[in-house]
Every structure is written in C-alpha cells, then in structure tokens.
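Below are two complexes that have chain A in common, paired first with chain B and then with chain C.
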Partner chain A sequence: MAELTAFRYHPGASILHRVDPRFKLGCLIIASMGALNGDAAALGLWSIASAALFAEMRMPLMTVARELRYFALLILLVVLARTLTAAGEPLIRFWGVALTRQGLIEGALAGWRLGLVVMLGLLFMAATRTWQVKSAVESLLKPVPFIPHKRIAAMMGLLLRFIPLILSTARDTADAQRARGIENRRNPVFRLIKLAVPLLRKTFLDADRLATAMDARCYTESRSTQPLFARGGDWAFLGAVCGLSFLALSLPCF
Partner chain B sequence: MAILEVDGLSHRFSDGAVGIEDIQLTVREGGFTVLAGPNGSGKSTFLRHLNGLLTPTSGDVRVQGVSVREDPRRARQLVGMVFQDADSQIVGETVYDDVAFGPENLMLDRQEIHQRVMGALVALGMSDMAGQRTHLLSGGEKRRLAIAGILAMGSEVIVLDEPFSNLDYPGVRQVLAAILDLHARGRTILLTTHDLEKAIAHADRLLLMEKGRIVADGPPDAVLSKTEPLGVRRPCAVRWGRPVESWLS
Partner chain C sequence: MNPSPIHDSSEQLRMTVYASLMAAFIAAGAYIAVPIGPVPVVLQNMFVLLAGLLLGWRWAAAAVGVYLLAGICGLPVFAGGTGGVGRLVGPTGGYLIGYLPAAAVVGWMSERRDNNRVLDVLGLIAGTMVVYLCGVFWLKMATGMSIGKSLALGMYPFLPGDGLKIIAAAAIAGAVRPMIRKPGKVAHSHGYS
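After this line comes the complex of A and B, so read on.
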C-alpha cells in the first residue's frame, strides 16, 4: 500500500521532532489562534516561521503539495465565497455579482489563514508520532475534571492510525465503482451515496473487528504509557512561539 | 499435559442460530492441531471462546486448569489469537508500537516492554523493521507482526484463524516458517483453515467441524479420508497416494 496522506509522521531529527509533544500541541494551538485572528503582517510572520520549520525538517515539499491539492480546492472555494459576498467598493460586476476590493482582500486573507492553519497542522503531524499525540492529549486533559482523558486519547490515537486505512478503503471502493461505470451517472449526490454506504459499512465492520482484536490483547484504559519529559529546549520553544505571538499582535495593521 | 480443556461448549447467537454445539476437546501442551471445516461450520466462533471473547451459552473452557469465565484476562494472555484480517487488528503506527500494545496492556514497566518487544521481533525475524510503518507492510509481514504481538504477551497457545488467507506463495512460506519456529520453541499451535494443503504436513492432529460440531478428530493420516464429504479438499499428494510435503521443503 502506498503512502496515503500528507498528514502522517515523517521520521527525522529536526528541532520540531525533538520538542515534547505537549509543548508542540500547546504551540500549535497558540499559532493557530494567532493565524486565525491575525492580519496580513501577523500572517506573514507566522508564514515565515512555518516555512523556516519546513525547511529545517527537509520535508518533500512537492509531494506534500501534490497530496494537499484537495485542501487547495477547499481553500479556493472559501476564497471565492468571501470574495464574492463581502460588501465594499465594486471593481467589476458580472451576472449581478459585484467583485469588491474589500472582498478580494478578505478572500485572500481568509485563504491565507486557512492555508496557514493546514500547514501548521501538517508540521505538527509530520514531527509527532501517533503515540506522542496520544500521550500529549492524555497528559493535557488529565487535570480537567469529569473528562475520560485516557479514553479520549486512545480514540484519537486510533483515529490517526486508521485514517490511512479509511482512505485506502475509499479509494478501493471508488475504483470498484468506476470499473462498473459509476462515471456515467451525472448526479453527484447519487455517486456520493453509492460511495458512502459501502465505505461506512466497511469502516464500522473494521471498527468492530478492531475492538475484538484489542480485547484479545487485554486492552484496558489503565495501561502502561510512554513517559514524557519536559526539558529546557521545550520551554525555550514555547517561549519562542509566545514571543512570536506577542510580536504578531504588536505589528501595525495593514 | 492438557493446556486447553473444552467441556460441553455450546454457543447460540442472539437470533437463536447455533454457532457451536456440545464441543468436547482436550489440547495437549506443545501440540500442533489443525481445525478444518467449510465456511460457517463454527471454527471462528469456537476459537473466540478459547480466550473469552465470546461467552458460551453452556459449557466451559479451561486454560491450564483455570476457567476462562473466571479469569478472561489470564486466558487472553495465555491464549494469543491471530485474526484472519491482519489489517484490522494492527493498532500501532510502527511495528515496534504495535508489538508493544499487548505488554502495555499488561501494565509492564518500560524496560520489560522493550525486552519483550525486541525478543518477539527477533523471534519473527523482524528486528530490522521495528521503526517501519505498519500500513506499508506486505500481507505476510502483517501476519508475522500479528504473531509477534501475541508472542510479546507471553502467550503459550497460539491460535491462528485462517493464517494463510490472501497471502502469496512467499507470504505463506514466511508465516508457516514463523509458526513452525514457535512450535519448535514449545508453543501450542491451533490453526483453522479450509485449505489443508499448506499446514497439514506439520500437524499432529486434525479436527473437522461441521454445523458447529466436531465430527472427526485424530492424526491427520486417519482423518484426511473424511474431509471431502465435509466440504474440505484433500491435499493433492493424498489424492495421488503420496505423503504430504511441507510447503517449506
């Protein structure tokens, strides 16, 4: 089975690989909040920082870009929606729709924000193994009362583990349906339903088999976990991200 | 000495259908038993009772003298199970993580977990694949990984449900070699198949199931003549009156 998703762990020894996953998760939240609320200057700052981390990790950027083409389509739709619905000074009118200057700026900013959040998520996943994500979630949720932190962490870990399998099943199902001429049906809803029903059925069956297999291997919520240790470098990384955050907030708006 | 004792085991599903009916069986320690039968004969249902994944309607299973009903956790540790669909039983992102899953559930300390994982990977010839991502493994490697996962739990009985299904010739040979190696190290092997060709040369006992019951039990040479009326094809060599050869020879 080939590589199936860009959102997976890429082995390496970069700065990001070495940071404690709890700190990485905290930094991802801070940076995403900064990206979602920032203007062009702040987005530029976060983008430069992300690009530097990508370069340092030596990620195969062309491969990642190719695998993210569907996200690009989604971002394009968001940009179009924002561009065509924002009020302001019209630049062009066609079929009763006005393209405004403000709309163009808002659309570009919305696309940039969304793209940046996707890239930040990608950085996090590329530098963090599934068990580390699981341990980080478990550790961060532990102090929150009435939250079954171990169960939530186990569910997250399994979800991350099974995304490639679900995508593989979706691809097989789509291929099997193409082989039987589904492309001759023009109705996209019909095609979506025909894809979703067998895919969901197979996914639920697999989930049931997985639960049985986990039971067979004595699965319990109180199991040994990998210990996490925070070091000076982790605090320094968090400090750098907080510093960037303050810098982004203090930059003049454009 | 008996490691598994099955006494009057019956299972009915919630819709009333019979899964297995009044199974009486003893498996000796260190044996290599093949359980054959057509689809729907109750093989997989029977196996799921050996470590308490299913609760019987009546009867009991004892592992080393202790009832599975009384201590299912102990039974699951001692009776390791390899399922037919390897993909849906692998939970780890990497080979190492997946083999560690069982020992982590046993609440062992990290050093002990590491020793067990590496021991199991060495035993299955996978020590150089520890960091490899599991979804990129071949079918035979996934099946060997599943065996390593239960070996790391310290299982004495290895139960394999259709271990050769969907494997190519090299994959079958890899898995068969791994099973024989475990058997040589003293593990008790119980495997189900409807393709006797691949494993029967190594078995010392053949059980045939039909409609939830064990209808034939004995040394392979004595039972092989009864297989075809029950929907299980005899190995080619037996049809030609020759001794059955190993797939590894």
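After this line comes the complex of A and C, so read on.
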C-alpha cells in the first residue's frame, strides 16, 4: 500500500511558504500543464526550478524520497510500458520484445513528466496549510456563477484531511486481518469485503463525529474565512512562473 | 412534521462531510489494493460506485466532482500522486471524467427503491459501463487507436476484476448503508429487505 503521507504540510518560512495560496494554486496549474506537455528542454527547465525551490525549503529529501518509493515504482512501470511498446529502430531484442531507441526516449520522457508532476504537487502541499488550500479554492471559485464555492472549498479541505486518516485506518485494518489469517482465504471477494466493511464503518463513524462536532460549534457556510491579501512578492512569483512557462515553450525541441 | 431549518442544515452538513469522505476514499483508493489471484487490484473505481450506493446521486456526483476539481487544481489525488488538467485531457482522462456520470447513475438507480440488491447490482453494472464508455471512447480519440485495440487495452483486461468489485460493492453497501444517516432516514435501521 503506497503512502500519500509524503504530501503533507512541512512548517517553514521559505519563499514558497510565504506566497499567497491563490497564487501558488495558479502557479501549480500552470507548471503541471507545462510539465505534462513539455519536451526534454522544457522538463529540464521546470526540474531546475523545482529543485531550487526544494533546496530553498530545506525539506528532508531522503525522508521524502523514502516515502515516495511506491510512486517511483509506478513511474517505473509507466516507463517500461512506454519503452517496450513504442515502434522504431530496435537496439536490443530479447524474448521476442524489441527495445527501440524511440521507445527509450519516450519512456524516459514519460517517467520524467510524471515524476515532475508528483514533485510539483509535493512542493505545493509541503508549503501550504489545509486552510490555505480551502481559502484559495474558495477565492478562485467565487466568480463562477451557480457554484456553492464555500461548500466546495470546505469539502476540498475535508478531503485533504481525510486521506491520511483513510490510509492509516486501511493499514491498521489490513494488519488486523492478516493477524487473523486472511491470507489463507483465497476468495478475493471475501478478502475485499473483510477489508472494506470495517474500513468504511470506522471512517464513517469518524466522519459522523466530525459532523456532530462541527454542528455543535455552529459551523455554517456563511461564516467569514481568513482573508487573503496579495502582495508584490506574490505577483512577482506568478510573473516568474509565467516567464518560465513562456521560456519553456520557446525553447527549441530536441 | 416538517424538519426545522436548523435540523435541515445539520443534515446538509453531515452529507457534506460524508461526500468529502467518499471523495477522499476515491483519492486514497488508488493506493488501497487487494490481491485478486496474482494481480493486486486497486479499489478506486469501487469507491466511486460505492459513493453512488451510499450517498445517492446528488451527493455522489458532488463527491466525484470535488475529487476531480482537487485533481484539476493540481493536488496529488489522481493515481500515481499526480494531478493537473493534463491528466484529464491525457489518454486516461476519459475514465476519470466517466466517474462523474457513473456515480450519478449508480446513485439514481439505487434511490429508485430502498435497499434493493437487484437494483443496486444493475446500477453498479450500468455505472461500470458508463466509466468504460467514456474511458474507451476518450482513449480511442486521444491515441488514434482502433476501437478494437482500445477495448483490448482499456476494457477487456479489467472486466474480471470489475465483476468481483461489483459483487463486493453490493455486499459492502448492504453492510455499511444502515449506519449512514441520510436526510429523512434514521441510522442503524435494517439492511437489505
């Protein structure tokens, strides 16, 4: 079971920590699109910028790398699938499968793109508190008509809080089932039900308690949220990301 | 007796929290795997279908919508810890978009009659087909593959696992549904009739 716990807030006072969350969210959208559509030169540019932000944030990179090992495995699978399925000039043949030059390049680019998107998400989550994500979403959705922006923002904040709870409960449930010899049961439906029912029951009970606690504290959607103020530094950061994006687009392909 | 506005807002709040929880389940489902034979099968699409069974069509659509919006914003909720608009417009984006009508279809069908396992299973089958309809069509458009190859790559290999997930989802919904407090319903009532 992979972890999403690497994607959590890391306290700090880096440049990224200080940027307005709305600007950070906008920059994340721009950078993710740039990373997913870029060629090697553009990916190199975005990777250098991300590495610089990581270094400036002083994140414990070894711990993060250890927590992300499952993602590395997924990315490796994507790389292998792309490498082995692309048509082109064969370099090596084994067991009837041809490894092509084009396949190697496509596979490496696909892995690089996915890895970069994961890193960008990690940067955003490490430098942004959940309430800031909620405020940013609320603020960005406000101009959209017929959308309950406050409710959607609250739901997104809750979503981010529930993910670690679900993963840790799933791990505990799987351990408890293993201790009771679930591995001896071959029926996959039985195993699925025995994992999912306690997991859903426990988390729904927790959600029920949370709803009661919010209700008891007179939670309403009309309550005022923490105001966000854009400063010169935020606009400069957005300008830098837009500039980087234009630069990445104008770089020659190779 | 009509429910008071306070009672109504409490129920709305409870459903908002439940829908957020199901959205989180959909995100976390990409990392919760159960071995089926030698292959570990992830539970993400099962949680999409369960959202429909447990919350009804409106709140299930809200849960999937929030999940997709979180992904579009770049939050790492899509499979592989990725996010961003690029994933939605990529070759596998159709499956993600298909989750929205699929959850609504399952929810709508399960709401036709309370705790009816036959309708639940029919809804689950219809929801699964909706996901594949959107996913395979999108895969074909994005990659330019023939419909036969798109089906061979994007649907057929997953059908046995989906069949097992449908059986499991109906049983799981039957066990979990009685404890969910939905508007106008009392929790801890009886399960399937």
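Note that in this section the second predicted complex is superposed on the first by the 235 of 254 C-alpha atoms of A that agree within 3 Å, B and C clash if a C-alpha of one lies under 4 Å from a C-alpha of the other, contacts with A are read in each partner's own complex, and residues count from 1 in each chain.
Just so it is clear, a contact is a pair of C-beta atoms (placed from the backbone, for glycine too) under 8 Å apart; a residue touches a chain by one contact, two chains touch by 3 or more.
In this text the structure is predicted, and so the values were computed from the model without any measurement.
Visitor: So, A:V144: does it touch chain B (first), chain C (second), both, or neither?
Guide: Neither partner.
Visitor: In the superposed arrangement, which partner chain does A:I193 touch: chain B (first), chain C (second), both, or neither?
Guide: Once the two structures are laid over each other on A, A:I193 reaches chain C alone.
Visitor: In this superposed model, does chain C or chain B come into contact with more residues of chain A?
Guide: C
Visitor: Of the partners chain B and chain C, which touch A:M62 in the superposed model: first, second, both, neither?
Guide: It touches nothing on chain B or chain C.
Visitor: Kindly classify A:A13 by the partners it touches after superposition: chain B alone (first), chain C alone (second), both, or neither?
Guide: After superposition on chain A, A:A13 lies in contact with neither partner.
Visitor: Just chain B (first), just chain C (second), both, or neither: which does A:I92 touch?
Guide: Neither partner.
Visitor: Touch test for A:L210: chain B only (first), chain C only (second), both, or neither?
Guide: The answer is both, since A:L210 touches chain B and chain C.
Visitor: Tell me which partner A:T130 touches in the superposition: chain B (first), chain C (second), both or neither.
Guide: First partner only, chain B.
Visitor: Report for A:A179: first if it touches chain B alone, second if chain C alone, otherwise both or neither.
Guide: A:A179 sits against neither chain B nor chain C.
Visitor: Could you say whether A:I152 touches chain B, chain C, both of them, or neither, answering first, second, both or neither?
Guide: second
Visitor: On chain A, which stretch or stretches are contacted by chain B in one complex as well as by chain C in the other?
Guide: In chain A, residues 1, 3-4, 158, 160-161, 165, 210, 214-215, 219-220 are touched by chain B and also by chain C.
Visitor: Residues of chain B touching chain A in their complex?
Guide: Within the complex, chain B touches chain A at residues 48, 51, 53, 73, 76-77, 80-81, 83, 85, 87-89, 91-94, 97, 101-110, 113, 131, 133, 135-136, 149-150, 153.
Visitor: In their shared complex, at which residues does chain C touch chain A?
Guide: Interface residues on the chain C side: 9-10, 13-14, 16-21, 23-25, 27-28, 31-37, 41, 43, 46, 50, 62, 65-67, 69-70, 72-77, 79-87, 90, 164-165, 167-168, 171-172, 175-176, 179-181.
Visitor: Contact residues on chain A for chain B in the complex?
Guide: 1, 3-4, 8-9, 11, 129-131, 158, 160-161, 164-165, 168, 206, 209-210, 212-220, 222-227
Visitor: Could you list, by residue number, the parts of chain A that touch chain C in their complex?
Guide: Against chain C, chain A makes touches at 1-4, 7, 25, 28-29, 31-33, 35-37, 68, 70-71, 74-75, 78, 114, 117-118, 120-122, 124-125, 133, 137, 151-152, 154-156, 158-163, 165-167, 170, 188-189, 191-193, 195-197, 200-201, 203-205, 207-208, 210-211, 214-215, 219-220.
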